[in-house]
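Next, two complexes with chain A in common: one pairs it with chain B, the other with chain C.
Presenting the complex of A and B:
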């Protein structure tokens, strides 16, 4: 009985299952080849590098589930990064307030995106192309030159292992408490991503609004006829996307202790977020997939580039190889289209 | 219990700070090693000394953006220099990665190389800020980080660059000297600026205008923006000639092949021109210098990567090094040009000619770089 349900679970989430297997294979091989593989230091470095793109990929998932694309996620990350670089200093209360303001900025921006799409009746891809430019403009206004003032202890504590976190803030006997031992080597950034995924994404997916997002992606007409709250779900999806992009921007500010209104970086994050979403098994047509898959997709994207540091590959060939591996990885998910007897099966 | 908590916190904080204080380079007084090559930026520049490590070393170059001629040539130069007999035996492993304009990826790559136990990491920073964490880690692990070209706003790492202000001043100084030689001490000059908002553009322009101001001559100045790009520069110079008529000199800071091409196309009389170190500019200057194109070519060299590598090795050997190294400006005036020596008529126009720094023993010629094949990275 159990076997059957597992089997069904896998077959219904084939893209996700393949992504997880691919990630495991790539990451274990990487660690075996790395001179200090399977150590806390490597895990900390890897997760630090992955956090921003992971959050942005999760943010991108929601509009994609609706059947659209959000071209402003990278720009919102950049905007919130610049906002955070202004506020993350002072007393702990001030820092917390600054974090709140940062997340609020992204959330409001997402809400604005949602309202433009729903009430302005503009295609998401066009609406967010425009609002993305607005976000970059605001970011440049806040921070014309890279810089900022982010609390050093905060940066150190959140970009290291749990032990360093406890040690920096003198919690749990400076990190040496017996009950902290089992978790001491886990990277804090990894826990942050998992925390947001479980506390924000999972409840959303289970709510009526969340299920409506999936319904809109598979058949908007049917969802409407079933009396589902279409507008509410669309606005909620963009708002949550803005919140998740802001999480990425906030972490970027903590990681780099600064803000930088880098237009090219914003564009690169938007494009990579779409790649991560597809790698994680979410269909660009909408209706299937999820943010956890995109999280895995973002990790795969990053692990591919990790290999360039342990293998001898010509620097000028690296972008080409990265592209080929990416294409191969995305094609894995498309294999099922070759097996179907009837093309209509694809739309189930 | 509470006092115990406080006590342990205090002790661990003390241990941690003691740890931090011991790690990283020691600030010492100068002079540094090989001052001909590793010239300190100014009189107030600090000097660093790392604990000597036995050779050979593992060195990585972490580039950001890749995709213009300068960056590609920089990567090829790095590979060619790693094979140079003078340092080949001191390098055990050499790796180059480009992360694109992605700050977390660049920081991650640097941290990864620290974890892998590399001894030195050379980088062109994608942002002048945000490296605090990797600098802290590098100091903890006694790794030498050397940002060059786009340097960081910090004095905690050893950095390598050319003095852009001095470059701007040298552009103007030469052009004014040539104009004085034909009896002109005032007139109309065209300034072709670079990418707006960039500190390099700002500093070069300040230098250019300072010298014009100091000369005391009455210079009418026209300023256009050429973005250091041949196509853009050619267009804006052609427009400027159409609008303002003849100029007595052009003070360009990049895209110089396009600048001269615009002068030729408009059949403008040949005048002194200052510019970057593009091969095309030097070719045109060699052809037209007798007609009056008595210019000067100074450039930001992709060969800075080689000097950064040399500086990193010198630091690892335990030598005293300046915190900010000013690389001598590689300049060539119209009468110093020699085909096959400081320009190459058989190489493309967008090739950057300045690669050699004789005071540093960095002598990789243009053809040597271009012949670096794609396969032989080891």
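Presenting the complex of A and C:
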């Protein structure tokens, strides 16, 4: 009985299962080849570089589950990055307020996206193309030149291991308490992402609103006829997307101690987030997948780029190899066409 | 509605009216500051349209793909790759090589979308990344030293009986696309496939070939724009195509083409491009900083679509 349910669970989440295996294989191999593999330092560096794209990929997941696409996630991340670079200094209370303000900015922007999509009845991809431009404009207003002022302690504490975090703020006897030992080497950024995923995403997915998001992606008409709260779910999905993008922007500001209203960077994050979502097993047609998968997808994308540091590959070839890997990965979706029994199922 | 404008033409009429509004607002601004009205002079408008022709040609190709309900995100580096190979090959073969690059990219995109059935959004994104990789590996990440050929310079910069040649090229491309969409079986198959691929397939349309054809058209247009842009700047450079992707999607949608496919007229796309080009030039005249530009740009797209781009509510 248990075997059957495990089997069904895997077959229903085949894309996700493959992504997890791929990530494990890639990351274990990476650590074996790395001269200082399996050490805390490598893990900290890797997780630091993954956090922003991981949050943005999770943000992208929600509109994709609806069957849409959010072209503004990178821009919202950039906007919140600039907001954070203005406010994250001063007394602890001020810093907390600044963090709240940053997250609020992204959430409100997501809410605006949701309202435009629901009440304006504009296709998400076009609506967010336009609001993305607005977000970049606002970011440029806040921060015409790259720079910023972010509390140094905060930057150090959140971008290193748990021990450093406790040490910086004098918690748990400066990090030397016996109960902290088992966790001391875990990178804080990794915990942050997992924390947000568990505290925000998992409850959302289990709520009526979250399930409605999946239902809309599968068949909007049927969801409507079943009396599900369509409008609420759509607005909630975009709002949550804005919040997650803001988490990415906030972390980027803490990590780099600065804000940068860079249009190219925003575009790159948006496009990579789509790639991460697809790699994580979420269908672009909507209705299947999840943010945890996108998290794994984002990690895969990053691990691939880590390989260039340990392998002796001409850096000029890096974009080409990244592109080929991405193309090959998404082309695996083509195996679906071989299993289709009725030709008509290929066409929408 | 009492006015007798069909829903298909409403976006076109409203967008045209908005163009007039932009021109009036811009002229009022220049009259109040410098006392001149450059926006209304034919020379200035032709010059603006000349720089707008690159966007116009990209949007023409993009429209073919959007009519199918797909999207082509590989335009930026198709454009750049075509321009770079054209300047690298040089001589008489420059133009045919660039177009060949376009055809090759289009066939690849079409194959991925039509046969492998991978969503165009992600497949063309992958192709774009691969093309960027190829060009970076080829040029070492710098702007190549090659120069545009005389023919490319002529097409981009010279005038044919007083009209910039780039506008003439744009006109020719527009005419071809207009004829293809309205008068040929291929054009009608595009509308049919974009409305409902399943029904089109059952009616005997070879929808796979239609998809490949549209992607080839899109990449060919991007390659043409690349050749012109390389001629205009006298050389090819990294990232020269980046500024064309989102505006060309915006132009197509502002012109009333439905983003999910099946509906739209080419004349709308043409007006959408002119709208974006004039909006940009008025904002430059006002010396609007980049921040303000982006905000206005986004607000205009949202505002226009709120007026005429609203979907039907899903109720069954």
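Please note the rule applied: the second predicted complex is superposed on the first by the 335 of 348 C-alpha atoms of A that agree within 3 Å, B and C clash if a C-alpha of one lies under 4 Å from a C-alpha of the other, contacts with A are read in each partner's own complex, and residues count from 1 in each chain.
Here is the rule we use: a residue touches a chain if its C-beta (ideal position, glycine included) is under 8 Å from a C-beta of that chain, and two chains touch if they have at least 3 such contacts.
As the structure is a computational prediction, the values presented were derived from the model and not from experiment.
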Classify the contacts of A:176 with the two partner chains as first (chain B alone), second (chain C alone), both, or neither. first
Quick one: classify A:264 as touching chain B (first), chain C (second), both or neither. both
Of the two partner chains, chain B (first) and chain C (second), which one does A:49 touch, if any: first, second, both, or neither? first
Quick check on the superposed pair: does A:285 touch chain B, chain C, both, or neither? Answer first, second, both or neither. second
Could you tell me if A:232 is touching chain B, chain C, both of them or neither one (first, second, both, neither)? neither
Based on the superposed arrangement, let me know which partner A:316 touches: chain B (first), chain C (second), both, or neither? both
Can A:129 be said to touch chain B (first), chain C (second), both, or neither? second
Applying the document's definition of touch, where does A:324 land relative to chain B and chain C: first, second, both, or neither? second
So, does A:141 touch the first partner chain B, the second partner chain C, both, or neither? second
Enumerate the residues of chain A that count as touching chain B in its complex and touching chain C in the other. 144, 264, 314, 316-319
Touching chain B in the complex: which residues of chain A? 34-36, 39, 41-42, 45-46, 48-53, 144, 146-148, 152, 155-156, 159, 167, 170, 173-176, 252, 255-258, 260, 262, 264-265, 268-269, 302, 305-306, 308-310, 312-319
Would you pull the chain C residues touching chain A in the complex into a rising list? 71, 73, 112, 115-119, 121-123, 125-134, 136-137, 140-141, 196-198, 201-202, 207, 239, 242, 246, 249-250, 253, 259-260, 289-299, 301-302, 305-306, 309-316
Within their complex, state which residues of chain A touch chain C. 69, 71, 116, 120-123, 125-127, 129-134, 136-141, 144, 220-221, 224-225, 230, 264, 267, 271, 274-275, 278, 284-285, 314, 316-324, 326-327, 330-331, 333-334, 336-337, 343-344, 346-348
Contact set on chain B toward chain A in their complex: 4-6, 8-9, 11-13, 16, 60-61, 63, 65-66, 72, 75, 79, 95-105, 107-109, 111-113, 115-117, 126-133, 136, 153, 197, 374-375, 377-378
